[in-house]
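Same chain, two partners: chain A is paired with chain B first, then with chain C.
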Partner chain A sequence: MATEIDMPSPHRGEGQGEGQGVKEYRWRMPANWWTRTRHYFLYVAREFTAVPMALWLIWLLYEIKLAGNGPAGYYPPRSAAFVAFSAVVLLFALYHSYTFLKLAGVIIRVKVLDRSIPPRVIVMAMFGAWAAGSVVVGFVLIWFAR
Partner chain B sequence: MADKRVTIQATRYDPDRDSAPRMQSYDIPFYDESMVVLDALNYIKNHVDGSLSFRWSCRMGICGSCGMMVNGTPKLTCNAFVRDYWPRAIHVGPLNNFPLIRDLVIDMDDFMHKLKSIKPWVIRKQELPLGAGEHRQTNQQIDEFRQFSECINCMLCYAACPVYGLNNEFLGPAAIALARRYNLDSRDQGLKERLPVIGDAEGVWECSFVGECSVVCPKGVDPAKAIQQTKLDTTMRFVLPYGNRD
Partner chain C sequence: MSTTAVRRPALSHLFFWFLFSNGGVITALLLPVHVLVQGILGPLGIVKVVDQHYDTWIRVLANPLVKLYLLVLIMFAFFHFAHRIRYLLMDFGVHAAKTVPAQVAFYGGAAVVTLITVWILLTTVPIGI
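Entry: the complex of A and B
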């Protein structure tokens, strides 16, 4: 005859299970986790690019404030260090924008006539809009700077 | 083939004796080209050291119970071929980011709670009477969520996610993918019940898109996609004037 025994549920979410009442070894994330795979490293690099970009933008706000008194007393920064820093920030901005726009194909779901637009088309549209936006901004800046 | 050998370095942890996990090396025959890491572990258990503990069941990539770290990467051990690592030693460890119970067995309590918290079942405001028959779906309606329904709860994505590793309050990849699976199901009307969990700061917004969950997923679920799509959807609901309509 089968005897009914009180078996712990394998579904720990239900309240009982293997680890209960047992000493467990707690996992700790090592400080160098981001060096462990190329993917982690690129992710941290991508996130890090935001820091110099933020610094550059704060600088830009400061320059705008200085320029607010009119062109007579304003001398834009021309040092080689600033130009080099700006070039690096530009590269970071391009990398960040590239990763962000590439993501659009994954995130955005558009349907036309009940059919999903392929992600590739969405990504291409995003890069197209980016290029067009850059041309417009570049044109405005150059036009007003003349 | 007969005398080929492979070294398996397995993590060992006995909660009654060890204060921290340690490594034990086993030199075993590499007896068959089709041998997988799980076969190697079973060989050890059957012929060398019966005390080695690990979970497995189907041996065919379906049950999701044999997930472990193989040379630092989360893998289904029944799907990781020894020949792909040989002649290097293979290090087999418990899944990262989870408390360790014994040897290669992790505590999946937190994961089970998280799965349950997103109410992974079809929620109806009002059940249709049985006489109304089946709730039919078109192929297009099924395609909306099919990819997210392929999950086998193997937890590899949680082991790969540094965000979960740093903050295990994060709802995590598989639970969010599963929530999306039901939210996209034409039969389901439970979005509003799931929103407080998935839209929470520890829900989708904790994710900073590392993307590693989708890389390691053995079923092509692409939980990173589910999370980013959910971010967009919840934002749209918030911003658009008709966003909160049912």
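Entry: the complex of A and C
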């Protein structure tokens, strides 16, 4: 009969007087681990980009919903506070784009005629797609405002 | 007694990784230009932008392709955000973020945002006016 294996913790007894008791040693990272090196800080900043981007998209949903109020109930965003908020979100969004698209060279493996496409080419293609996508979306947002 | 470990494909992990990675790419390619144009250039009056006037905003929102585009953008983005924030919490030592209830809360939250998006897109401006 097949049963699942109960694997011992890899940290059990590590430096804690092995064999002296049944207490399991649990390593806990100090709360400020991410402030210790620049690399860790940038990693957390990259992961955190999700929060401001989510807030901005929730605002976009709200703006779409506002359109249902009719012309009298619709007020477009023009405040300095909103521009400042968007400027901060833009920094995070650009950082997300840069890091995520750069990562594509590591993750995506494409073979053409039995030869792997170099990661550098894949990253360049992703950045090209970013430029093209930005031009198309920017064009639609501006052209249809006439 | 045999001690063979039971190997099962992690299908849910595969599914959420698919949403995470595609959401990451979609937000990376498309979100900065929205924030720049709709969040900065439009409000400052540097360029005319569709959402700065009711008439142009409603005309664009009535287009079914625009509705589909906004749904894909927001849905994938929120599944990406849910995955990232859950794993960030784990990195900060919040072990509860690994549990099934946390997964239900995060991915369920993304699903709720998706449903709200569908509802807003279908009820705010009728298709094709």
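Please note the rule applied: the second predicted complex is superposed on the first by the 115 of 146 C-alpha atoms of A that agree within 3 Å, B and C clash if a C-alpha of one lies under 4 Å from a C-alpha of the other, contacts with A are read in each partner's own complex, and residues count from 1 in each chain.
One rule holds for everything that comes next: a residue touches a chain if its C-beta (ideal position, glycine included) is under 8 Å from a C-beta of that chain, and two chains touch if they have at least 3 such contacts.
Just so you know, these numbers come straight off a predicted model, no measurement behind them.
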So, does A:His39 touch the first partner chain B, the second partner chain C, both, or neither?
-> first
Considering only touches as defined above, state whether A:Tyr25 meets chain B (first), chain C (second), both or neither.
-> first
Greater residue coverage of chain A in the superposed arrangement, chain B or chain C = C
May I ask you to decide whether A:Met53 touches chain B, chain C, both, or neither, giving the answer as first, second, both or neither?
-> second
Starting from the residues of chain A touching chain B, keep only those that also touch chain C in the other complex, and list them.
-> 29, 34, 47, 107
In their shared complex, chain A is touched by residues of chain C numbered 1-6, 21, 24-25, 27-40, 42-45, 47-61, 70, 73-74, 77-78, 80-81, 84-85, 87-88, 91-93, 113, 116-117, 120-121, 123-125
Residue ranges of chain A in contact with chain C within the complex = 1-5, 28-29, 31, 34, 44, 47-51, 53-54, 56-58, 60-61, 63-65, 67-68, 70-71, 74, 76-79, 82-83, 85-87, 89-90, 93-94, 96-97, 100-101, 104, 107, 126, 129-130, 133-134, 137-138, 140-142, 144-146
Any idea which chain B residues touch chain A in the complex?
-> 13, 15-16, 18, 20-21, 72-73, 96-101, 105, 107-109, 111-113, 115-116, 140, 162, 165-166, 208-212, 215, 222, 224-225, 228-229, 231-232
Using the touch rule from the top, collect the residues of chain A that touch chain B in their complex.
-> 11-14, 17-19, 22-27, 29, 33-34, 36-37, 39-40, 43, 47, 103, 106-109, 114
